[in-house]
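First the structure, which I've put down as structure tokens, then a few questions once you've had a look.
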Amino acid sequence: MPVLLAPDRAPILDKLLSTANIVGLDTQIVSPEGVVLPSIRGLGALSAAGSSEISFLSNPKLAAQLQTTSAAAVIVAPKVYQQLLESGFTPCWHAVLCSQPYLMYALLAQWFDQHRIDHLPAGIHPTAVIHESAVIGSGVSIGPLCVIEENVHIGSGTRLGPHCVIGANSAIGAHTLLHAGVTLYHSVRIGDRCILHSGCVLGADGFGFAPNPMQHGAWAKIAQLAGVVLGNDVEIGANTTIDRGALEDTVIGHGVKLDNQIMIGHNCHIGDHTAMAACVGVAGSTRIGQRCTIGGAAMLSGHLELADDVHVSGGTAVTSSIGKPGRYTGVFPYTDHQQWQRNAAVLPQLAQLRRRLRSLERESPANPA
Amino acid sequence: MPVLLAPDRAPILDKLLSTANIVGLDTQIVSPEGVVLPSIRGLGALSAAGSSEISFLSNPKLAAQLQTTSAAAVIVAPKVYQQLLESGFTPCWHAVLCSQPYLMYALLAQWFDQHRIDHLPAGIHPTAVIHESAVIGSGVSIGPLCVIEENVHIGSGTRLGPHCVIGANSAIGAHTLLHAGVTLYHSVRIGDRCILHSGCVLGADGFGFAPNPMQHGAWAKIAQLAGVVLGNDVEIGANTTIDRGALEDTVIGHGVKLDNQIMIGHNCHIGDHTAMAACVGVAGSTRIGQRCTIGGAAMLSGHLELADDVHVSGGTAVTSSIGKPGRYTGVFPYTDHQQWQRNAAVLPQLAQLRRRLRSLERESPANPA
Amino acid sequence: MPVLLAPDRAPILDKLLSTANIVGLDTQIVSPEGVVLPSIRGLGALSAAGSSEISFLSNPKLAAQLQTTSAAAVIVAPKVYQQLLESGFTPCWHAVLCSQPYLMYALLAQWFDQHRIDHLPAGIHPTAVIHESAVIGSGVSIGPLCVIEENVHIGSGTRLGPHCVIGANSAIGAHTLLHAGVTLYHSVRIGDRCILHSGCVLGADGFGFAPNPMQHGAWAKIAQLAGVVLGNDVEIGANTTIDRGALEDTVIGHGVKLDNQIMIGHNCHIGDHTAMAACVGVAGSTRIGQRCTIGGAAMLSGHLELADDVHVSGGTAVTSSIGKPGRYTGVFPYTDHQQWQRNAAVLPQLAQLRRRLRSLERESPANPA
């Protein structure tokens, strides 16, 4: 019979239990008889974890690895653990039974990373160029060679890596992290607990031009007068760009997660908790609902509305509004190149083929006419 | 009967009239009887503008908003205004009658933004690192922590935001604006009145490698010896990259407008006044004509020629040259995911389906053979 | 009869012969009778090279230009040169006969560029901010305003342009070149002789979030604990991003060449000598073999395996693993917009059309049933 692990023997599992308690995850630790938990030094995948590491099972397809892993402890759903025992297998690892193993893994990974974060350099580096009018909260860290322009507000506990530029009249909330080389134009507002990755640019001019019929082909620039607003708990990936609004702000809701190299056009609204994978482009003035997911390299045309809980597959071009939750896809299936050539050649004839088919159907003996 | 607004009562409308005069736009202001124009403090969309703001109607679909807007003044085409009066509606806003309302809006937005621009910090920041051989024109502003290398020329009235890097032997024309964090490699030439947004990189090496048959799979780098040349009045979006030429310059014509995250390969030529939306990729040595528009996330293969006045829809892959003006498209229509699965499964059989259709046609009684 | 050029008359051809010797390219120089080689000042395409430039023919389609070029010397395959003589044409240029003209051109272009590189500023710029624990090899150049964090190692002969940021515990090998504005997060390892272009970001957090069922729609961040490892002779394009691994490193093999604006997700492995054109996106945990080529703007889904020697056409979405070498494509062919509209409208009916075709086939008199 497994025994409950004594918390004082394993601070990391103790930490797990207290974390689980805070977020409301019902969690129990079950240890193999007579096996003392070693000092846990890391977190690894089931197939790679060493004997002083903790692992987790979130993908049921990998359940067989529970029988071969060298991990000292494994986070696993109670049901899966029960099935394992019933199959006759006796684990020699300590089981952390929890209904949300993937969430528990996320929390644990954060805990491991915290040690590194706690040792990051603090304070305001003397090489930073900070306008005298800037209002800097308590416990703020500003890295080397940052530039903070006029009337900027930075909330308490926020950290800026090296080489960030914060444009005039911008404001950053509390406990937000800007990695090296983030650029905010003027009048950009960022919430609390956000993470902005290197090379992202918020507040560049939206792409607005009026054709000038008096000069053949020339474009008159439409100055972009509004700003960008990010909610709380937003993460923005490396080299992602979010343009400022023309007349009204571009708005990114609370808890939105944007991967790298995403482009959000001017005047867009992204609803709370929506997540987009890398390389997505959203053209101007499109409004996306809450809890949507947009797959990598998808593109959305401008002036669309997507309802809440819409899921767009990677590589899909969304060219019209979507009013109903669900999953939407439009991707050309890839094949061997020669096969593609043969089949793609038929595409420009599809309408004609349909006509020919109809014509045959009209002639068919089965056709009552 | 509406009366003509006294210019001294409303400097902004006065400004509008003089601007219109300069660019040759025939413009007239018509005021509702007895309504004094308030002080105009901003510019807003018809649906959002407040009672001290000016608005515009450029999209005829929104004409109904003319009857509900709270704007103090509206820029509108004379024909549309006439129809409104004829419909029996009496506007309580001041009408700025102009045949190009969208262009007038663009000019007005520029005027509103000018106030902010006029207050940007001027002069050369002491933290900028400037090579002694650099030639800096009169009235140039160079922001904090810029790096200007050997033999750089910067024309009069040009502004560099913080953190720009200008490589050796590069030249920037007059009255050009580089936002924070623009990088020019060596030997890049920029024209007058250009705007370059943060994170754009001009002059990185084109992607050129020769397979080295003596080392299985290895690539020998082809040094990229030529530069990048931008004409006048060009705008380049945030995080866009334009590679330097291998043997001849990459050339961007006058008045070209490139949105964010565009990639222009080495040796490309982009004709005057061509505009590209975000996330477009143009492979090396492709030549695009004048006044083309390329929709977002379109991609163009290398070594192509596109005629003048070609319009490519967003998301389209252009894999061959286009000799005739017109609009070109190639996008897989998106649908509900399950419907997509059913239909996409037929694509690898299209050539076979066509054969089967032909075979039925041959057997058809309607077939004279 | 052509005569062999005296090496002392033309140092550049001398250089060519010695380079050819080093890399094992059998090369011979043949000069037109009585024509003295001028001083060679540059390298140009056949159609553009002037009379003091050297050129090359690698694309057989351009062979006719051999008869019209003004180049002083041309690198050409012996077989092509022989055919030219047999056609009765007598070149007035000096022929550099070499079985790999394109490779020879690459080596020659490198030689021309070396002059510029040799004159780049050397040493550690006083404005660089370098942590006292950093270990800097001999002959290292660090440009203005770079930031080198704790415990960084930089190998001998490596050059950093201005504004690079090297995160804590990262290591860069020997003779590697970082152009201006490269950002490495903490714990990133770069090999020898690599080239990293401006704006590229290595080591940003992979896109990992666990849904938090206890907060409707919210995401819990999965801290990304592993790093990024680049082999030797890797080139990374401008504004390309390579994310750090979640639990195991993201690995880029030796000799890999990535163009601009590419996105490599966390945990990916890219095999040696694989090359990707611009704007490619590779989602997390995908493994790509050796010597693959991925065309521009292709996208690869996550958790896939691509064999060695797989070639993916530009714009193709790869959504499943590829076990066999070969070329794979999936691109919607573009056409005139109206034609596209007519044909694309049939796509959502393809499965239905197939059913109707089957039904006709069943009724067909040719059908034995």
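Per-chain residue numbering starts at 1, and chain names A, B and C are given in the order in which the chains are listed.
In the analysis below, a contact is a pair of C-beta atoms (placed from the backbone, for glycine too) under 8 Å apart; a residue touches a chain by one contact, two chains touch by 3 or more.
It should be emphasised that the depicted structure is a prediction, and the values quoted were computed from it without experimental measurement.
Judged by the touch criterion defined above, the protein chains are all mutually in contact, each touching every other.
Look at the contact of chain A with chain C and you find different residues on each copy: under half of the numbers used there are shared.
In whole angstrom, the spacing between the mean C-alpha positions of chain A and chain C is 28.
Counting only residues that touch two or more partner chains, chain C has 145, 163, 181, 199, 239, 261, 279, 297, 331-333, 335, 344-345, 347, 349, 353, 357, 360. Across the interface of their complex, chain C is touched by residues 129, 145, 147, 163, 165, 167, 181, 183, 185-186, 199, 201, 204-205, 207-214, 216-225, 239, 241, 243, 246-248, 261, 263, 265, 279, 281, 283, 297, 299, 301, 312-313, 316-319, 326-333, 335, 339, 342-347, 349, 353, 356-357, 359-360, 363 of chain B. Within the complex formed with chain A, the chain B residues making contact are 23-25, 42-45, 48, 58, 100, 102-103, 105-107, 109-110, 112-113, 116, 125, 127, 143-145, 161-163, 179-181, 195, 197-199, 233, 235, 237-239, 255, 257, 259-261, 272-273, 275, 277-279, 290-291, 296-297, 314-315, 331-337, 340-341, 344-345, 347-351, 353-354, 357, 360-361, 364-366.
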